[in-house]
Each structure stands twice: as structure tokens, then as C-alpha cells.
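Two complexes follow with chain A in common, the first pairing it with chain B and the second with chain C.
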Partner chain A sequence: MGNKAVGSASNGSKVGSYKSLDIMMNPKSVAVIGASNNPDKVGHIILQNYLDEGYGGKIYPINNKSEGSILGLRAYKSIRDVKAQIDLAVVAIPAQAVPAAIRDCGVAGVKSAIVVSGGFAEVGNVKLQEEMMSIARKFSIPIIGPNCLGVTDPKSRVNTMFLPSFKIDKPKVGGVSFASQSGAVGSSIFDLIAHEGFGLAKFISYGNAADIDEVDIIEYLANDKDTKVIVFYLEGVKRGREFFEAAKRASQVKPTVIIKGGITEEGAQAAHSHTASLAGSYEAYEAMFRQAGFAIAKDMQELLDYAKIFDTQPLTTGNRIAIITNGGGTGVIATDAIYQNGLSLATLSKESNAALRKVMPPIVNIRQPLDMAGDADDKRFAAALSTISADPNVDAIIVIALFQTPGADSRVAATISHYNGVIKKPLVVVSIGGSYTEVHKNMLESTGVPVYSSPGAAARSLAALINYSKYRKGVL
Partner chain B sequence: MGNKAVGSASNGSKVGSYKSLDIMMNPKSVAVIGASNNPDKVGHIILQNYLDEGYGGKIYPINNKSEGSILGLRAYKSIRDVKAQIDLAVVAIPAQAVPAAIRDCGVAGVKSAIVVSGGFAEVGNVKLQEEMMSIARKFSIPIIGPNCLGVTDPKSRVNTMFLPSFKIDKPKVGGVSFASQSGAVGSSIFDLIAHEGFGLAKFISYGNAADIDEVDIIEYLANDKDTKVIVFYLEGVKRGREFFEAAKRASQVKPTVIIKGGITEEGAQAAHSHTASLAGSYEAYEAMFRQAGFAIAKDMQELLDYAKIFDTQPLTTGNRIAIITNGGGTGVIATDAIYQNGLSLATLSKESNAALRKVMPPIVNIRQPLDMAGDADDKRFAAALSTISADPNVDAIIVIALFQTPGADSRVAATISHYNGVIKKPLVVVSIGGSYTEVHKNMLESTGVPVYSSPGAAARSLAALINYSKYRKGVL
Partner chain C sequence: MVKQLEYMKAEELLNMYGIRVVPAKYVKSAEEALRFSEGEAIVLKAIPSKPAHKSKNGMVAVDLKTQDEIRNGFNKVRKAAHKFAPYKILAQKMIKGTEIIIGGKQDSQFGKLVLIGLGGVNVEVFRDFSLRLCPITTYDAESMIMQLKSRSIIAGNDKQFRMLKELLLKTSKLMSDNDISELDLNPVILHDDTYHAVDLRIIE
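Let's look at the complex of A and B:
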């Protein structure tokens, strides 16, 4: 975790800080250097995306072989010709031409730059990257990148991704912020976040981190009022101590879910050739993440599983879980799953058991897990949720709603949504199935109910929530 | 694994054997006892499903308050009135009336019965279950159930599930057979199998296993020529030694993927109240499964992940994995994942490296994992697949195809499908994303390419395939 990463800003002083991200996320004016009418060019896609998003600020296409107008906007041969304040330059030209472009930005008084171009330290061109940075330092231009996708903010409608918009679902505005060293991991998870109906606050793909790095980003997201949960894909950390301190500060105010690439020796080698990161010992990273209170995802699916519960559910330090199910076998697997994750089944109060006995049909055993049988309808779900959520012996609830059963339909989903809105304890749903289930899963998630496709995922996510809650309360 | 399960057939001799399943899966005539014109009745749904499936045999609705015709078919007050050979009776009436109905079946010479009704040993009515079985023994009627969904065979169009068909996706005919002690686990996984585009050979939900049990089922599926891979959800085994022997015989001819409910003490208690199973020590079960060569799934998602690779890919005992990716970071995570699962990165031959150097653009490092960059198109994928699949140092291939990238489109999917068809080594795909990705995932899976939504799932599934291959070759 030292300061020795290839191509890091450590060769000279940093320009940007976490504050630099403010103007990059909310620029009043943007120049796209490398904009083009040719739809195959990266600069074309970026400009088109800006237009598609309905970005409200000024947009200046820059192309040294300017065609007069690009995508209907007046184009400029050089950014120096613009003669107006430019808050952000998005640079999408061949690597060799980037230093000169940054110099032009400096002369033009541009406030910040995102360099999406690859071909720097990640392929051994450390010198070119340093040349770019020394110019950036001279003109005090903070930089994200190179070798990245840049940023997206659905609220300010800034989107520097150079990926065709029809290939990626569009996220709604929300509370999850996602930072990724890798553009590929970034864009695929971004797409999945949108597809699963999460709301996105900020997306940051920062590539080689020549200037703005993971320390700045975590600090920025910790301070960002729109961000409820931070999600991070990381290959290496260049300023270990600063990252640890920033991480601890962040965890005092909001949860961070992290996945690290380069855990194994061979993975670390791959990471080095990817973003010029020195991955370092994973044991050291893992210890740091744990001490900082991060939720560590073992796989990409877990990253989203954890983000989902942190985004929607309240904290709890208790681990007494009630299971309500309309399928017995799935209740058995869920019971296994909670114990395998260090949680336990709640023992309901006598009052709860008596109340449930009154409202449940005789075939239903009043015990935990509560198997309400396959004909359980919305009324039975409501009766169980109402009693169990009020029980002081219950810290959190897993509702297994299998929509193949005769009793389950949209009213069951609506009932769960309703209780999710009024219950002050964490509630998660397990639903497994095909098209009919998907419809109800989407219905539930659009109202802030996290839905998991296996009992194991639900139990792991609850355990992550409880673990972080303990960290926040200082009992861990 | 003893012989002590509550409500088992051990109170008397068994009637059915694995051979009994033949007639239950391919009956020329079916009676539905409890058929009704009332759409809320289980017997109505079963009869409707038979009609919807286009079942080609004779169907006899039975209802002791017969309304003359039910769903347009002539109805009978008693099965004894039918006066024709009945191969299978599906019994969907209240538990108390079941023994008498089985007696009627006996008098009428019915060859087999599936009792879907609940209310037997699973709720403590051991005596009622034994009464039913003693009549079945007297008339030699093999029974599946009670407390189950029965069977589905998309080929013979037999479907005894009493779940509304609009809630469950319809599977195509194929090679995966799925047996589940639990109806809820059964129907939700059934739905998922259909939704993910697997082909189904047989589905068996066998509930309390009063007669036909897991031993008969595994023996039947091992002998069934339509079944390529057996998938099993199990809560308990009543005849431990016989199961072990049948399992070993099955593993000599085809793979079995298994998940057990009741792994923890608390889960075992829940299982007992669910299907009257005595779950027993999981360590003993796990040892048995391993010795029988089963792939053990830790979660319901893993069950399908493993089924998918066994259903579509050839066996290999080698663990040298080549990774081809159009996203660097995902390649890093995949590298971690294969080493975490005991596999290793292949070292390509000099010839392969030289061939790849010729066809890949300069920005692509010729190494493993092979990061072909975000602009990789179908030609680049084809070049990599053609060279790498022919390399003698490669045992299996993970292709990471991220469809958000500028170069990836339907031609990339078609290219992967093509090579999957001609390569004699296992090939799996990792694709992560939203709507555009889903379309291509479906396209790939419909051509027999297993697609995973995380590198971890792909690596675990490859490890399961290799492990089973070693078992088959006797090197494990």
C-alpha cells in the first residue's frame, strides 16, 4: 500500500482534490475535444450522449479538422478559439496528442479535464502520462483518467461515457454512487444498476488515476449529499494511509461496498497490465477494508446485493431474523442460510404467536420459519407482517414470496411494499422464478424493497447490513 | 441416514420402484380425482393444465358431486364408473378422503397414483399416511406424494402441477431433469429453468415420499435416456445405503447437481416440520455426496449455474483456463476467480502467441488473460477463439463478452455460438448488464452456450465440471 504505483501522481504533486469533482459533475459548460460527425469516433458518441441526456449547459465540439458544425452544434478547431468559460473538457483523441490538448486547455482557462483516451501508463507509456500531468500541474487543471469512461450524474445530466446509449440502460436519479477503476467493470455494473431499477447518484470511472484518485473519490462521495451508499471497484490504492483515513471518515456517515480486483497473485499481475496498478497484498487490503467498516463483496453480484440493502433499509445491530414464507422448502434453505451467515432465527413473543394462531388457518404451524403455505394471499402476508414487525424479539425480516403459488399475486407484492414503507426494521424479499416473478420483483424494487434471487444472497446481505450497523455504533 | 424417517414406507414394504415412474411419466390415460369447474379448486387447475399442454391421452375428470361435464369433458362420480384402463390417477382432494379414493383406484385397476394433497405426515398425520399406503400396498398401486406437485414431462405433455400456468414459464424439451422434495423449491426452480431457456427432460416433486422416494427417482433418472443432467433438492434420505449405491451408479453415466435443505440444526428442524424429513448430520450427507461424485451447490443460484454447464459442455479433467475478454477489469476479477476455485491460467504456446500477435492490434497485450480492448468486434473474437481453442495448453475457455462496449453486438454473440458448436473443449461466457445484454445472453443460451452473470459463477461452474470429469475418469 506504499506510494510506488507506476504512473501515479507521486512523480509530482497532485493538482486535483475531492473538491475538483464538484465542477466535473456540475459543469456549466463542456468542451468535447475530438468531437466528430463520424459515428465511429469516440468523440461522436460522447457528444451524442450529451445531446441525448438533455444536458442544459453550453457544449463546444472541438476538432482540429473542424467541419464547421458537428451534430448541429458550432464546432471549433481549437479550444482556444471558444472565448468563453469552459468548466470541463472531455478529451477523446489519440494519446500522443493529449499533452498538447491539455496545454490548449490551460491557455484557454479550462477548469477541469476528463481524459478518456487510453495508451498511457497502462501500456507502458509512463512518460507520456507524466508529460500530460506536468502540463496539467503548470496550469492547475485537475484531471480524471486517462484510460477511463469519466463521470455520469443523472441529476446534472453530465455523461462522458463513450458507449452507445442503446447498449446501456438508463438509471433513474437515486442514492447509489459507483466508482470503478475499470471502465469495463464500471459500465457493465452501471448497466446492471440501471436495469435492476436502482437510483444512481454519481458514476466515476477513473482509470489510471494520474491525478484524481480513489482517495479524492471516496472523500467526494462521503461529502456528497445525494450519495447514500458508495460502491467501489478497486484494483490498487496509491496513497494507502490517506485512503484508510478517508475510508474511515466515509464509514462514519455512509456505508461503502467494495470489491477488489487483483486478489490473487495472478489477478494482481493482470491488474498491473490493466490500469498500471500495483495491487499489493490482499491480506493487507482486506484488513484495511474491515477496519474501515467496508462491506467486502466476494463477487460482482454481491456488490449489487449489498448496495441494494444499504440503499433501501434502515440499520440494525440485532441479528434475530424472522422468516415469513409461502414455500416450506425455501424457508428451510433460508434458515440454513441465516445460520451460515452468523444470524439466528427470532423467537417470537407469546403475544405474537397467539395473534398469529388467530389469523392463520389450522394447517399453518405457528413457528419460525413461518410457513404460511402455498395458498397464502395478501391478507395472510399482511397479518404476518403486521404482527411480526411489531414483535420486540425481531430485528429484521426475510419475506419469501414465491409468485408461482396459487395465492400470490400483485396484491401480495403491494402488501409487502406497504409494510416496507411503514416498518422501521430491515426487510428483504426472496423471489425466485421467471417472467411472472420478474414483473413482481420489479414492482417491489421500484418501491424500495430489495429482492434477492436466493435465500443465501438475502442472508449475506442482511449480515453485511448488521455488520456495518455495529461498526457505526462502535460495537464492532 | 438411517431408516427412521417419520412417515416413511419403512412401516411396510414399498410398492413402487424406479420402474413405476415410467407409467407415471407416459400414461396413456389419466384420471383427475377432484376435478372441478370451480377455478379455485386444485383439481380444476390440474385438469386445465392437462388441456393447455395438449396432452394426447384420455382424460377422465372425477368428482363425487359430478356436474356431468367438467371443462368440457365427460365427468364421473367415481373412478370405478370409468370402465376403461387408467394408467395414472392424480388425487387432489382433502387428505381424509384420500385412502378411500386410493381404494377406489385399486378396485378400478388404476396402475399408479400421484397424491398432491397435503395434510399427512408433514402435519403429524402419520397414521392417515400409513392408512393410505396400506391400501396402496394391497392393490399394488405405486404412489408419488402425498404433499407434492407430482410430475411434468414436456415431451409426453404430462403435467400434474396445480399451479396456474400463467405464473410459470413453460420449459422447452431438453436434457435437465429436476427432482425436488419441496413443491415450492420445485416450482420456483422449474420456472427459472424455463425462463433461462434450459430444456427440461423430467420434473418430479415427491413431497413426503410415502412410497416413491429419492432412491427410486435417482435410479429412474440415471436410466432415463432423455436426461443428461440430474438436479436434486433434497431434505432427507430415508434409505441411506440404497441412495448412496444408486447415486454412485448414476454418476457413472451422468452428472448430478444437488442442494440439501436442513444443513444447519435449525434448518433441519424446519425441514422436519416441512416434509417430515429427518435431515440428519450434514457432514455425513456431504461426505456421501462427494463420494458419489455429486456437484454440491451451496445456493439455489449455484444449482442452475452448475446444471447449465453440465447440460451443454463436454467433460475435461484439465484445469488450464484461457480467458478472452473485451473488458480488462472483468478479466482481472476472472483471473482471481479461477485461482480461488483451484484452476489456473493457461500458458499459451509460442505458436498461439505469434498467431495472436499477427491478428490483434498493437494496443492488445498478447498474454493471459487476453484483454482484446473495448473495441473488439466479432472478427477479433473469432481470431482469438480460433487460435486459443486449438492450443494444446488450453483445457477450457472463459469468454467475457461485455455488450456495453462499442465493438460488441449480435455478431459477437453469433461468433461465440459458432465456436461453441465446433470447439471440443468447455466454453463458458460471462456477460453482465441490462436489457441489451439480456437479449444477447438469451441468444447465446438458446444455442447451448452457458452464460454467467459474474466471473465467480463461471469459475465455480468450470471447477464443478472438472471435478466431475475427474470422478468419471477415476482420477479423483
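Let's look at the complex of A and C:
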């Protein structure tokens, strides 16, 4: 599933646009070309997944060697034998046979196609890919792929992935959409997104981008009402300027977290000047992402860390962070982390300090970070959260909840969840620990509280949120 | 084939966009350099017709104040430039201050870019620079400066910040309007609340 940005629509005009993705995500009828009763075949897995997801539209298995039935559905030798409207054809047959299959789709009046088959430009077979595209152009069939996993939409229960459902976690319906050039990165992050409890809006793996490309995808996701946060794994773009313009438009309405694969130095070789040697290919990408207001993740963990805060927390342009902790040392580390990320510690108002003094026991120093001591229970967490969240000098809150302490249990988790639901400022939790902590982390995250396993990750994520908020508002 | 804009033409182009360039003049003799200096310190640079690293090849003599210094400097630079002939010798007024780099380039993927960074001969070592796609907005220009680690050195007060912001906007306009593949103003020297570009390299 290793993809490269090779082979493109540049040999001819594009067929699809961002609008083409609508019908691919929401088809009323789907044909699986290459469907099979043999469980080893990709076409079998795709068809099985459609059945497992409970897809509500019509499904037509197509296999030129079999009639009768496949997985209990009536099968057809050719898509031309299906005498009904087909919105989407999922093509999972050997590469050599794909152009003919697309021609059949054209004759049958199929509205769109996803070609999962590999063996095209990614292995040097540019000619075959171009042959497929010239037929697609003739019949005006927009195409995702080839060499991809296709799309998933948990809401419409469309899933063209050829990965057995028992091997991959199933995400719930939600607001994060994820696009990936690479199928391998795509499927592993998809699995993690589901495992970490994110809700998914759309998943798009677009492979060689022979037709539908990253510009169409960013445009589609920017316009998609179900998508709150866009997460993008990108190796390269073919239409650089158009991507930049689409990216800027997207950032005006929703955040994008991006990770760029392939940090090459190709630009440096031809340099005649200092500028050219500094501004290599990766630097240009990074500049474009910044200028478009994207949050740039350095690795996959950071990608998910950022997605989590954007998915659940409100925007804020302020950088005054209050820290509430039941562990002193962790509070100190968190203080360092916020300053390292360009944020600062909030100074609480006199009124807040007085209110906290009344409710906290004498052993608790009333200052920032607020160390409530190891015996802090849910009532102490509630008192601190209620006062500090209302303080006008506080823009966002980090709650450090160490569940190893005697006072911390599921009531503390429930208290934090409650305040996360009512306060209008960003709130993140840091919880570090083993299996008991894990249980509470899951409780918190299932109620929309982003939990981080290090103060550094929490501070970086808050900084990403604040930077994006500033970009949206046009402030520095 | 690299086609570098001749120095005086580069200066003229930069001036058209309101980008300040240090006063300079081609000189044919030490006497002419002396007249140009008017008693102030000057720099002499050999400008060979083919690109070559000037300071590494001894083709630059700086901070020449006295008659002797200017005569010796002229001879030294002429000698060093001999093997790069044909060449011209440029006299510039000597300026001291903080060195920054202002740049531009044509990127194969995204088109024209503009760059600012801590400048001088060690730019590749410090790598403290920021980059945006042309044309840039005021917000882009400001965020470019804010992104630099050296921002408190090069834009220590509001006036300097505004000046650099405007310089970036002018550079972006220059890049957008013209057929330029690479632009290097390195260094641009910040001094006395103003700046002057000292070394100009514009490749068409």
C-alpha cells in the first residue's frame, strides 16, 4: 500500500471535483466489481464489510466468472447486466482488467468509481493509469484511486476498505475526518482514531490521485457539515497553489491538522543563493501550511493529540493557562511545558484567591499552579474548577488528575466531565499512569474531555488550539 | 544558465519598490574610490561577471578609511579578482549593524516565496528564518517576524518591527511583479532605525 504522488491527471483534464465525493460517500446503490465467495479475495472482504456495516442501499456483486449468488446476494457477470442505476462502483480486480471494467461502468451509466486495485503509476505503470483515465474522461466518471482504500462514512455506512472488520476498530459517528494519500498510514491511523474513541465523520484514502486529489478532498471536507476537524496525511501535492487556496478557505471555517511525509532536500541541490538553499521543498510545504493556518504535527501521536483538542474544545485567542493539580511535581513540569510552548501561567483575580482560600484546607497554598495535595477528592476538584473557570484572568485550564492518589477516583473523573460540559473555556486533562488510570482516561474521553499522558503533549495541543484561534481572528 | 542581474540594474529595480540599497558606485581606480569615500569608510568588492563567492575568494575589503587603506584595498581586491576576469570593482559606503537576510525564490510546487532570517555568512548554520508564499498579507508579514527566534534582536521596538514588515511587503510585491527565480539580499544591514541592502543577488 505504499503510495507515491505519481501519475496524475495532468495528462488530461480532471473528471471529478470536490462535489463528486458526495455521491461516493452517499450512494444509493453500489456495485462491487471483483466480488467473490473466496474469503481471500479483496472483493470478498469489501462486500462482506458492506454487509457487516448494515449499508441500506442496493448492493450488486459483479464477477465475470460467477453467476448465481455471492454472500447471499444475486451476482452479475458484468455490470452491464444490472439494469438499474448504480451510483458507485468499487473496483477490486487485477490492474490490467481495470480499464475495461471502467468502460463497462461507462456503458452502464455508473456515476462514480473507486479503484482500490494497485499496479498502476505507483509501480511505474503510468500508461495503464492513463488508459483508465482516458476512458473515465470519455464517460465522465469521477475516480478515487487507483491503489487506495477508498472511503468510509459511518453515517451512511459506506465502507470500501478491504481490511477485514475483525482486524480494525470501528469508529463511532463523530466530527473528525481523516484523509490519507497512503493506505498504510490511513488504515493504521483509522484504527487508532477508532481505538482512542474519536468519532469519525469521513475517511478518504485516495492513493495515486489519478483524478480526485488532495485539492478536491480538502475542499470537500471544508464544505462537509459533519466534519468539525480535518486530519490530513500528505506526501505531496500536485496542484500546489490550488491546494493553498483551498486550504486557506478551509481554515476560515474549521481546523486542519496536517502531517507531511517525505521530508526531502531536493530543492537544495539546484540552489544558487542562500535563500534557495534554506527554502527547500519541505520548508516550502511548511510555510504553506502555516500561511494557511494548519496545525503541523511532527508525528502520528501529535496528529491525534491535536485532533482531540480541536474536536472537543472551544477556540480561544488568550494564552493565560490555569493549572489545577493533585500532584505538586507534575504541576511544576506542566508550568515549564506551557512556557516552553509560548503560553503563560494565569494570575488569578483577588476574588478567586479569596474564594479558594475559603474552600481549600490550610495545607493548600493558594497560588498558580494550584496544588490541591494528594488527598484532593471530587469536592476539592469541583470547588477549584468552579472558581477558576469563572475567573476572567483565565483563558484555558489544565487539570492534572493523578489517579494513584488516595482522593482520586471515578467521582473526580465525573466532576471533570461535568465542568467540561458547562464551562466555555478550553479544558484539558493530564493523567499519567497504568491500568486504573486508563479506565478513568476512557471515562473522561468518552465524555469529550481530551486526556494527555504528559504535560508536554497537553501544552503543545493547547498551543496549537490557541494558534489556530488567533489565525481565525487574524491576531498575532 | 544562471543569469544574474547586473548590480546597478538590481539596485534600480529594488529602488523602484522602495527597498533601500547602500550608496554604491563602480570605480576604475583607487583615486576614484577615494573620491567616492568623501572621507567616510568604504567597502570595495570585485564583481566578476560569473557568480563566485566574493568574501571566500578575497574579493572584498571592508572598513577602508584612510587613503592608504583604500589604495591597498583596491589593489588587493583587483589582484584577487584577476582570475575571475572580466570583473568590475564596486565601492560602497561602509555600514555597521545587525545583518539580516531578505530573500525570494521560485518554488517548483508553490511558486514564489519570500524569506526573512538572521543574516550574514552563517545563515545556513543558524537557520533562523521564516518563509511565506507570495503575495503576502500584512498578517503574514507580521507572523513571519514573530516566528523568528531572533525577533527581539532584529525587531526590538515597534519602529523596527514596522520597518521590517514593510520591507517584507515590498519584497513580496517585487517578487510577484517580476520574473525572478532567486533573490538574495544578504546581508541587509539594520542600523540607526533604518536598513540598507548591501549585497544584491537577483537571478532571473
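Keep this in mind: the second predicted complex is superposed on the first by the 451 of 476 C-alpha atoms of A that agree within 3 Å, B and C clash if a C-alpha of one lies under 4 Å from a C-alpha of the other, contacts with A are read in each partner's own complex, and residues count from 1 in each chain.
Just so we're on the same page, a residue touches a chain if its C-beta (ideal position, glycine included) is under 8 Å from a C-beta of that chain, and two chains touch if they have at least 3 such contacts.
Keep in mind that what you see is a predicted model, and the values were worked out from it rather than measured.
Undergrad: Which partner does A:287 reach: the first (chain B), the second (chain C), both, or neither?
TA: second
Undergrad: Scan A:433 for contacts with chain B and chain C and give back first, second, both or neither.
TA: It touches chain B, and chain C stays clear.
Undergrad: Of the two partner chains, chain B (first) and chain C (second), which one does A:261 touch, if any: first, second, both, or neither?
TA: First partner only.
Undergrad: Can A:335 be said to touch chain B (first), chain C (second), both, or neither?
TA: In the superposed model, A:335 contacts chain B only, not chain C.
Undergrad: Determine, under the contact definition given at the top, whether A:474 touches first (chain B), second (chain C), both, or neither.
TA: After superposition on chain A, A:474 lies in contact with chain C alone.
Undergrad: Would you check which partner chain A:274 touches, where first means chain B only, second means chain C only, and both and neither mean what they say?
TA: Both chain B and chain C are touched by A:274.
Undergrad: When the two structures are laid over each other on chain A, which of chain B and chain C touches more residues of chain A?
TA: Partner touching more chain A residues in the overlay: B.
Undergrad: For A:455, using the defined touch cut-off, is the partner it touches chain B, chain C, both, or neither? Pick first, second, both or neither.
TA: In the superposed model, A:455 contacts chain B only, not chain C.
Undergrad: On chain A, which stretch or stretches are contacted by chain B in one complex as well as by chain C in the other?
TA: 267, 271, 273-275
Undergrad: For the complex, which residues does chain B have touching chain A?
TA: On the chain B side, the touching residues are 42, 45, 118-119, 123, 162-164, 166-169, 180-192, 194-195, 233, 235, 259, 261-267, 269-271, 273-275, 298-301, 325-333, 335-337, 339-340, 344-345, 363, 365, 367, 369, 371, 373-374, 402-406, 408, 432-438, 453-457.
Undergrad: Which residues of chain C touch chain A in their complex?
TA: The contact residues of chain C facing chain A are 2, 51, 101, 103-105, 107-111, 113, 115, 117, 123-124, 127, 129-133, 136, 139-140, 142-143, 146-147, 182-184, 186, 201, 203.
Undergrad: How about chain A: which of its residues touch chain C in the complex?
TA: Answer in residue numbers: 236-237, 240-241, 244, 267, 271-279, 281, 283-288, 290-291, 474, 476.
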